[in-house]
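Here the chain labels run A, B, C and D in written order, and each chain numbers its own residues starting at 1.
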């Protein structure tokens, strides 16, 4: 059986769901961030797979992937800085304890 | 190709699952690194070598290290979590949502209409000299997004520093 | 055409003109330890170099005076490129640019020399000179640019520098307010300017003004006339109108003039620079630069609009200037008025007259401002004319130069102002008699208030030491050194030398007026009908104004600082109105500010009543649904009294508030569910 | 890899060309591999570079330790190891045996698995680094078209090992060492990569082989080395400093500063795991030296090097000579320089090296666009010197006053 685009789509869908699951159900803010990173990576892998199987002409997909990676890096930097700032305030990275914005 | 795909996929999925399920944050991080390596391997497999190297350089060299530092700055050294602390409130809802989305994605991919749209095999073209092409594409067609990205990264850098420094300044 | 080739070569070196001040500013901003000598040397030296290059360019274009067509050399280059689009920048060298650049760098040079004396005691000497350099650099950049993008960048830089310099003494609340006022007011005009630029780009697809292949925006002005614009104008005129709004802000034309008089809160050399060489000149220069767009469509109301705005500003500001007591404020309103003259000339269709008046005015207004700076320094930071007097004896050099400047501004024949003002009046005369009449009246007022100033400041007896209480609440506490009551004295050489040099130009520059018209390539037009009338009348009103000024102020000078102004005695209430500047600021206060406040109030009420009301309705509906789902609909409808509904509103609020849990993962879950629904929709379609 | 494969395909003719023993070698080769199927040749061509890397470079490592100890000894006016074998030549083997037989101690509270994984993770990236270092004309294990980027990616991954070791040991000194290592490596990576960007810009390729090839030619195959360009010299200095800091060599050995935090991240390691850590560290440092040689010192180029069998042999000789020089240079620096302070370390990276590397990139652009060589020389040199002086002036936080020695004369 040849590896086709569908295989990659399946893989990324699965990995995306795993990341989502982690981001939604874990309590620790850092692990939630990790889950988000996993989702990001799944998305980027999708782009590269589409590129490989010639769904996109030219290098658009690769360039997009590079931008996505950069954005993810910036996002994680800011996210972690937020986690550290929150930790200084609450002495915890527990997302369930951060609810001072409760309406 | 197939063997490599299956091995890498196994590594990727295993790394992802472990990264979100292990109890110790540090172990999670190491699993995440494994996952990143798996993804980088996929990139190499897909002939996107440049992206593979970038993946290692940025995700493993920077993001993972950043997470490690953040963990050490926020947790006690072991990174252990008690059994009750792992899952947040309403974890079942989160998992349910994830399951629903996974199912839907699966269904959509399996859907005939889409499956017929997708090519099954890689076209036979050489993938050489891509790095130069990517560079040219970045500074020719994509220069405005590139500049925007530069601004964004600068802003993120400054923002991260400011956010992380804030209370230190206030104390002085 | 060897000459044309020479300027083609020269245009590639035009960038050197703003380059030197820019480098000077950069070096000064990077210096670790401020050094007065170094920064003054750098600034003045850089300006001198710029001046040399500007003069070289000027003389290169001067040779073209005999040619019929305008000598113009351009140099466009690509700034950067993305994909198939590229952003171009360009430099230009034509008489307009060359004359302007030479004037700016020359006048700027002497202003800088004067500033070394004026700012001698200031703590932030180096910061001041750094800003000055940047200011000059951006103005020179504006002048030499052949591209609206570059022009706009420099335009904004000029605005920024004026903001920084007006508020140089930012610790004074008045200065801080003035800087904000200047910035915001000009920004209003900039909106128009920017719209104009956008529209120009939209219609022509280029921002280059001229191009060698004839695709420049101004070269397409002829075709723009045939495109439709807004307000019943052609595209060319619409763009011109929008651009003129920008010029109105920058050059302080009537509705947007309010910032200029306040701008004298900055140090006096800055005022000189703003009023003479850079900031306000930018607006007029820009109109001159874009002139082909203005005249492209004959008979459009834009030109009339420009003329009447200029005319009104000229008269309006002149009347205000009559009743001011602050020596710099008089000059500030005078600048407004003179700018009105320039704009009027442009509107009347005579580019050369407007630009020529701009140049001559730059010389004598810089002279007057620097002179007033000398007076202020000589009298130990006194700005109120009522507390001056008799300075003729104490400051002879300043006095002579100041009188020359005054005569030039008043338009007395041999001086520069006469020729340029005469050109302006003539141009207006040919276009519209009423405007000409008003302008002549403004010229009369100009002569009058300048004479008033001369007599108040330099004649009579020294009233500075008069009243103790007058000095008790001294506004300028930053120089509270002990000799506030000392006699005034002559200023040092680095302050009077610039005004002496400038006064030479104020005397002699006007004789080039005829040449200048040719130089700018203006067509002589129909025969100078009515020239003798115009000229004679303008001389007459000038002399009349001086005579009246002498009659009112010179015959019997003020004795005490607290004496009322003789004019106030005669004019009564009108004088107060003039003194309060026709209550324009108060008018804005009462209208614009009130309106904003009212809007804010309205929206607050709107928020409270409508938005909250809608929210309540939503809450109510949510409650209804929730109640139905709980299967107690009957009960709700049966017991639907007032109390119950109140209670249920609260309940519904609680239900909705649950959504706002403050937990990030909740939001994330909802988001994911939304994504799931989208996927579902995708799946079933 | 490709070169080996080509060599195998034409081995007989090539071998026959060697004087004296050529015929014998060719006959030997024919007896061994004559007529072997294609896949055998392919397998051999893959195995040879791997075996080479795995065997030769650890050997170099072993004798580097000896040279280091001897040289340090001489610098400190000692003799250094001289007991085991003539001139202490067998010392590395003795050390190896000692470390292998030592008891392996794992702290009780340590995270066993990660503690075990860390030394392994330290070695793997270091070995992988060699896969893109060309050791001779056309002789590179894998000629990746992203070779340099690959090397940087791998070298950043090596920091994870230090981090894992430091964290898993459950020892505050280990953790401090790990955090220092992480901070240091992240900081120094940036100027190092940017210094390499200058070379990449000049060559126009990321392939290490192409970079080495770009430096061939000129007088004696020497004058085209990038180190003899203004920007190349600056890049060389920047890159060497960065590489030294990246592999935590003195004077940048903050992560394992004995006097401050015992031994940093490998405080709790002993025996074979400790040896692996050392191996990884030294291999990384050697590989970085190899990349430095490739990028700035002309790689395998030298008098006499070139394509063909003999040229290839000479090029290998030149490469290893230069590598040896770089190793000795690092040892020399280690023996003579004091360790920098942590804050100095950071400010040096961010205030001097980083701006300087960016300035260097501009210098390469100037070099590229100024076609008249003398002007390019003067211009780039002036530009770099100007910025160097300015940066030093700007970075100087305090004025160093003249010291007064109260007790010394």
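One rule holds in what follows: contacts are C-beta pairs under 8 Å (C-beta built on N, C-alpha and C of every residue); 3 or more make two chains touch, one makes a residue touch a chain.
From a predicted model like this one, the values you see are computed outputs, not experimental measurements.
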{"item": "Label of the chain whose CA centroid is most distant from the centroid of chain C", "value": "D"}
{"item": "B-C compared against A-C, more contacting pairs", "value": "B-C"}
{"item": "Interchain centroid distance [CA atoms averaged], chain C/chain D, Å", "value": "62"}
{"item": "Centroid distance [mean C-alpha coordinates] between chain C and chain A, Å", "value": "52"}
{"item": "Centre-of-Cα separation between chain D and chain A, whole angstrom", "value": "34"}
{"item": "In chain B, residues with contacts to at least two other chains", "value": "50, 54, 62, 69, 88-89, 93-94, 97-98, 101, 105, 130, 141-142"}
{"item": "Where chain C touches two or more other chains, by residue", "value": "663, 665, 669, 672"}
{"item": "Residue list for chain A, restricted to those that touch at least two other chains", "value": "20, 23-24, 95-96"}
{"item": "Of chain B, residues touching chain C in the complex", "value": "88-90, 93-94, 97-98, 100-101, 104-105, 107-108, 111, 140-144"}
{"item": "Of chain C, residues touching chain A in the complex", "value": "657, 659-665, 668-669, 672"}
{"item": "In the complex, chain B residues that touch chain D", "value": "24, 26-27, 30, 33, 49-50, 53-54, 56-57, 60-62, 64-65, 68-69, 72, 77-79, 128-132"}
{"item": "Chain C-facing residues of chain A, complex", "value": "20, 23-24, 32, 95-96, 98-103"}
{"item": "Chain D residues within the chain B interface of the complex", "value": "111, 114, 117, 144-146, 149-150, 152-154, 156-157, 159-160, 163-164, 167, 170, 172, 175, 179, 182-183, 186, 189, 204-206"}
